[in-house]
Amino acid sequence: MCGVIGVYGHPEAANLAYLGLYALQHRGQESAGIVATDGERLRSAKEMGHVNDIFTADRLRELRGYAAIGHVRYSTAGDSSKRNAQPIAVDYFGGSVAVGHNGNLVNAAELRERLEAEGAIFQTTADTEAIVHLIARSREQTLPARVADALRQVRGAYSLVFLSQDQLVAVRDPMGFRPLALGKSKDTWVVSSETCAFELLEAEFVRDVEPGEMVIVDGNGVRSERPFAAQPPHRCVFEWVYFARPDSTIDGNSVYRARERMGRRLAVEHPVQADVVIPVPDSGVAAAIGYARESGIPYDQGLMRSHYMGRTFIEPSQHIRHFGVKLKLSPVREVLTGKRVVVVDDSIVRGTTSRKIVGMIRGAGAREVHMRISSPPTVGPCRYGIDTPTREELIAFKKTPEEIRHFLEADSLGYLSLEGLYTSVNGSEGANKGFCDACFSNAYPINIQQPARLRQLRLITG
Amino acid sequence: MCGVIGVYGHPEAANLAYLGLYALQHRGQESAGIVATDGERLRSAKEMGHVNDIFTADRLRELRGYAAIGHVRYSTAGDSSKRNAQPIAVDYFGGSVAVGHNGNLVNAAELRERLEAEGAIFQTTADTEAIVHLIARSREQTLPARVADALRQVRGAYSLVFLSQDQLVAVRDPMGFRPLALGKSKDTWVVSSETCAFELLEAEFVRDVEPGEMVIVDGNGVRSERPFAAQPPHRCVFEWVYFARPDSTIDGNSVYRARERMGRRLAVEHPVQADVVIPVPDSGVAAAIGYARESGIPYDQGLMRSHYMGRTFIEPSQHIRHFGVKLKLSPVREVLTGKRVVVVDDSIVRGTTSRKIVGMIRGAGAREVHMRISSPPTVGPCRYGIDTPTREELIAFKKTPEEIRHFLEADSLGYLSLEGLYTSVNGSEGANKGFCDACFSNAYPINIQQPARLRQLRLITG
Amino acid sequence: MCGVIGVYGHPEAANLAYLGLYALQHRGQESAGIVATDGERLRSAKEMGHVNDIFTADRLRELRGYAAIGHVRYSTAGDSSKRNAQPIAVDYFGGSVAVGHNGNLVNAAELRERLEAEGAIFQTTADTEAIVHLIARSREQTLPARVADALRQVRGAYSLVFLSQDQLVAVRDPMGFRPLALGKSKDTWVVSSETCAFELLEAEFVRDVEPGEMVIVDGNGVRSERPFAAQPPHRCVFEWVYFARPDSTIDGNSVYRARERMGRRLAVEHPVQADVVIPVPDSGVAAAIGYARESGIPYDQGLMRSHYMGRTFIEPSQHIRHFGVKLKLSPVREVLTGKRVVVVDDSIVRGTTSRKIVGMIRGAGAREVHMRISSPPTVGPCRYGIDTPTREELIAFKKTPEEIRHFLEADSLGYLSLEGLYTSVNGSEGANKGFCDACFSNAYPINIQQPARLRQLRLITG
Amino acid sequence: MCGVIGVYGHPEAANLAYLGLYALQHRGQESAGIVATDGERLRSAKEMGHVNDIFTADRLRELRGYAAIGHVRYSTAGDSSKRNAQPIAVDYFGGSVAVGHNGNLVNAAELRERLEAEGAIFQTTADTEAIVHLIARSREQTLPARVADALRQVRGAYSLVFLSQDQLVAVRDPMGFRPLALGKSKDTWVVSSETCAFELLEAEFVRDVEPGEMVIVDGNGVRSERPFAAQPPHRCVFEWVYFARPDSTIDGNSVYRARERMGRRLAVEHPVQADVVIPVPDSGVAAAIGYARESGIPYDQGLMRSHYMGRTFIEPSQHIRHFGVKLKLSPVREVLTGKRVVVVDDSIVRGTTSRKIVGMIRGAGAREVHMRISSPPTVGPCRYGIDTPTREELIAFKKTPEEIRHFLEADSLGYLSLEGLYTSVNGSEGANKGFCDACFSNAYPINIQQPARLRQLRLITG
């Protein structure tokens, strides 16, 4: 997954982009980058790692100028390496342009094949680079026209921010898979993957960028274009289930409130006699509170989450058993011993972590463990920008809920229904009103077509 | 504050020490270090930073041997620099010895003065180094005897782990200011500042090391000595209020359960009409749950905590207002808007952060903000190992609760009484049963005597 | 200036390329790089700095394969930055290709303009990159054919090495500005800018690559093509004067012997009564020995050269005079005091260093200082790959020899004549037999044509 | 070997120390360090590596103050690690003191044993640290008195510079093994291992510090003391043969002139019919010039020395023969082919390098190779500060000159006689006038006494 930010009209634009990326860090912890313009030239800094490790005061000072875009990345297309960090920034005949992308293109391989046959030299394995080459080859004269020209050849999910020496362009794909919001702070315009970034930037939410909309900010102010044919919206429902931050509001629906309602609804759909409701922190907290309220069972903090965990945790090589989830979570025995425990989580992917959590709770003395999931069974991988394993690795693709319960060694297991999910997100009795739920339904709105001669992308290393 | 770990009898002792430090990371995030022995020689690695950034697989592999000690540090005596990172490891006439220290010596300056006058050359500004020189000068023949000889000259708070080529020695000062627990996993003995480390090491809690006890582990097994004259215990009550991890149990009392009881008691001592109870995460969660249960007011998550925050956050230099608490916390508007909010925190030090939190909650639309603190007013600095500002900086030293409420711009403010605190920790109606509460009562069990000619410690830099 | 190496047919090809670059280090100390192939893919490592600082054992191990090319660079076109380090390696429709270039293209800006207008995205500011794009756009099917196709569109000086997954291609431009030699060690073919690299690789000199020749080495052995129209040769005479290493032989003429003859001839053309002949080390040694022999004046070592000097020498900011040449050279007073000194150097560029050297010798007590230069006055900048200042900065463009002598504060000054230079290089009475002497004669064999719309190349930084 | 520098009375004293170390770099390339004082406190910077890689402008700026000492080190006692880099700087009861040492103490192990038994904790394995502990334990009140007190307990070779907050003290041991010179530039006093540093600092040579002299520079100016009983001088003759820089003058004798005379004398002692005299660069140049002059055989440059060689040169692992001397030297075939060659070097240690040089010259086509050595056979290791192998590894300890010649595969071999050496150094017919020639004569002026219980020094690593 990724997050994008764009800032226009502030003397320290890169600093604001940095704060925005900090607020969007949950959308990608692999690499981060900022490109800024002072009207004359673009300056770029990107690195593997976390936002506040990458950007020192010195580095931010070098990124001078009044406009900037930023990107945090967790790779879903293209390998994880500094080369693939975004924004991608290039010089071409029309000047300089940088781009940050949240989403996934479904015809990237096909486009790359065609462009390379015409002599294009790719520098990354990211699908995003095809857009850059299409812009460089466009016969249009302005950046917005070149961008529109390029994106008309592209299919898939994209919330994009572009920066040239003097323009900021933000685009959301016609189906609106990924969120994108517009904000304003005095004379500064901000676009952000999520509204949670506005709090830190002291910007006010103006409106969501609409599916198929292109927003252009430059010396003439802000304007909007709709360069694509209209399509039915397919906003990713998993943003509300798990991905977005609880303090964000997407397309008018509060993430926190949606999650709390998922928990309430879950208590209605899957009630149980129990002594305590606990969340799997942090993502299960709001739903667990909802479940506790609706059921009347006391809410408690039965699992502690460590916030010091990095990626490179070294496990003892041989003499100690595999730690798995223990590095991330630890049980509070006083809350669990002798209790019938309802544990609420947002989803189950492979099932292995959930199984360990059930074991950890039982190991701390719980009498019964009832698992409740605030979304339907995950049966299909995401093709539009969320990192999910292959279908075969998804436990719900291969097993029934009862088989899963058995695998988890839980006393009971309840998933929220798809109808219950939509009711919770919409806040009213409801069906799918323009959402993509391919991961729960296997109904994919855009198909991936592989090119005739798909080449394995193996760039020169080093 | 600091945390210590000791491991004896495991082929990958340094790896276990590493896991233990990871579990103790909350006790010190400034520097961390491990010293290991293979029976022949000590090997050391220490660095500024977090445990899982410092120790790579390569580094751990170099720390070979069957015994190890580890230390995480947040400086309370001696400046913050790599030189002061612990364990301190030296070679001396009797062999090699390393030491990790949690606590503060009150006669450190006096000891240093005396030792330097005799020709000792100090390499750090940490109070702990005086112990090392006393050991090197001792006429005793064994490490335990040298350690006892050295510690009889020392006054203050200390939970210590020592490592020589073939012995692990753990000592808790006669008053027992800081916790220290003994655990065991098969043939491996573990000592740890807190029991929460045992979960990850798959060790079982054996017992607390008692105030004034010295535990020696070597090829002959484990044994215990009591080299000091007995003194009335003064266990730090603030460990239960804030410092220790909720999933630890200290001297027989569960930290989580104590905090939840503090919240319940707080609801009795300071009731209020309100719509929602929210914690200041993460330290206020247990008490807020207790308050909500006792009062019947719904518990909710009104503040989100960022877990990506590092120390070196770069703020925009001039054009944006000071961010203060915003980098750490952000409000969930849906939970707060239009509500009468009870916000529960563990303590108030200077008052500036609490004031910002009240402002943030009100800015998110709360109708009323009632602050509840699960400990008495903090009126004195800690001299025994917790980093607190000077008395003059403590808001409760200078202002009455009503004046503090006014400063915080809260609608009401309630502190837990000292009696209520002891009731909560003991789990029964209670007075002070062997605790140090100097920070709440100004009653310091050991006085600091300054040496006649106290020199300003300014070591050679670079 | 730059140096190139190519190796084919050795299981540790990158190691040999590394040794070759070490021997060619004098041709460029700014950056170095190696690209190797194992038949499947190219692997690359390049960095700013010296060859033996850049390549660790680990790095070389990663560069696995049986063929490799290497490059050392001192920037003459394109700024000095890691981005411009060579070999440039890219993936394109036809596979992977890497290129290392010694020389300068005179129509680089024109080519870039045209390629960018067609949508090409450049990643460097080096003139060499245009060749890569021409290859990627070529309709030819094989690497040699694509290279020939590309180079037919290019004008200027180039000795080039190319590497694909399975071929090594070496090309010398039709005028043969820069040297390029072919060697062999058992089954391993080597191409190198200079023959001095063969000693270390234990390769035997086979022959010089001829102007206009393309040598292809692959699984079928070595073969030669001549894809360009024949042109009169213009080999750079300055290689013999200064640039090449004394132990190299270029196009049949020994560099050391040529320099010693320049010194002898200089003694004939500019005799003087003196006590001692000293070189400016290291480049003036051979000519000084020649001068001493021909004149009968004793040779001595009057100036010591420091070999520890790096680029980043820190000078005291304010209280000490500018050190200039003192960091590089220091006088041996015993050799100079009271003497009439002949000091021999290879050339004078701006005159400032020569002036300091004269001052240093006189400051050490010399009675007279006679400067002798083993080449004619430098009156024009090089356009074919040697870093020289603009014409206006060349002292001999603006001043007569007598005016220069006056500026240097030397007692006499003598330049070698152009006829004397050719006699020395050829080893027989001689005129210009196919050399470029534009820097001495201002007769440039290829003119630079600026494109109609030359853009200032300022790539995105960071 | 090591070099020391001291500067007092300059607002950028550390910068001057840096320049001095740069000029002394040949005396130690392993590590370098500077300690400076601003009158209040000492600041230190030291690192493994070369002087101009270690000291950046930022680092030098931090080393503020009007006095500084510096040290370059090649380890002869104590292992090679950053911990052993000098100056050693400590805080002790009397204040702060730093020390840089050139030489070797012969009773270091004995002193360390005694000091550790009294409780001293050593931080390095360098013999120099014993001096620091002796100073810290001295009952004297001033730094000069403490230093004298300490050094009276020490035996061996030492040229030392000490720095406290407000004094610079320089001491040369009573036998004067290592050189030490005093210079002055306006109001700035300088002490340096060699006079060659004065050129760069623009200081004038004042006089040599005499054996047994202590020079004190502080706010009261410069003064001299003689705290030790007088002893017959034993100045190291190998400084003139090899170690010192040719442009230095030690104790009144020019190093360059001495070497040139060694060459002349060598031609008298060991004449030969030959075509060319070549040096092994750089150390053999002056003697080769002398040999050529005296013999009338032409001098030429038959071997080129690479100046890009670092320590960590990576050799191909298996497929290429061991390179040995080829990385450092390469032959100029035109000078050697078909010739009878006299090759002049300063000394032969193990003989392996000399054998490779003879082979290289012969491999380049020489008809005869006559090796001439400008010193007597090296038969004993140095105990006073020069890194030499054990006696058993010295080829001249085990073989006669004829056997050595046979091993080298040279046509003839001639060593300078000891009498010839003294004649050359003194500049007049001469015997040993106060020199140490233990390496040539096995007559050691001070014996090493090992302590009763010598412990293997193995400090804690990491």
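Annotations for the structure displayed:
We just call them A, B, C and D in the order they show up, numbering each chain from 1.
One rule holds for everything that comes next: contacts are C-beta pairs under 8 Å (C-beta built on N, C-alpha and C of every residue); 3 or more make two chains touch, one makes a residue touch a chain.
This one's a predicted model, so the numbers in the text were calculated from it and none came from an experiment.
Matched by residue number, over half of the contacts between the chains of B-D recur in the interface of A-C, chosen from A-C, A-B or C-D.
Chain centres here are means of the Cα atoms, and by that rule the chain farthest away from subunit A is D. If you average the CA atoms of subunit A and of subunit B, the two centres end up 36 Å from each other.
Centroid to centroid, with C-alpha atoms defining each point, subunit A and subunit D lie 63 Å apart. Residues of subunit A in contact with at least two other chains: none. Chain contact topology: the protein chains form a single closed ring, every chain touching exactly two others.
All chain pairs that touch, listed by label, are A-B, A-C, B-D, C-D. Of all residues in subunit C, those touching subunit D in their complex are 10-12, 15-16, 18-19, 22-23, 25-26, 29, 50-53, 55-57, 60, 196, 199-202, 245-247, 254, 256-257, 282, 285-286, 289, 293, 298-301, 304, 306-310, 312-321, 323, 326-327, 330-335. Put simply, subunit B touches subunit D in their complex at residues 35, 41-46, 62-63, 89-93, 96, 98, 116-123, 132-133, 136-137, 458-462.
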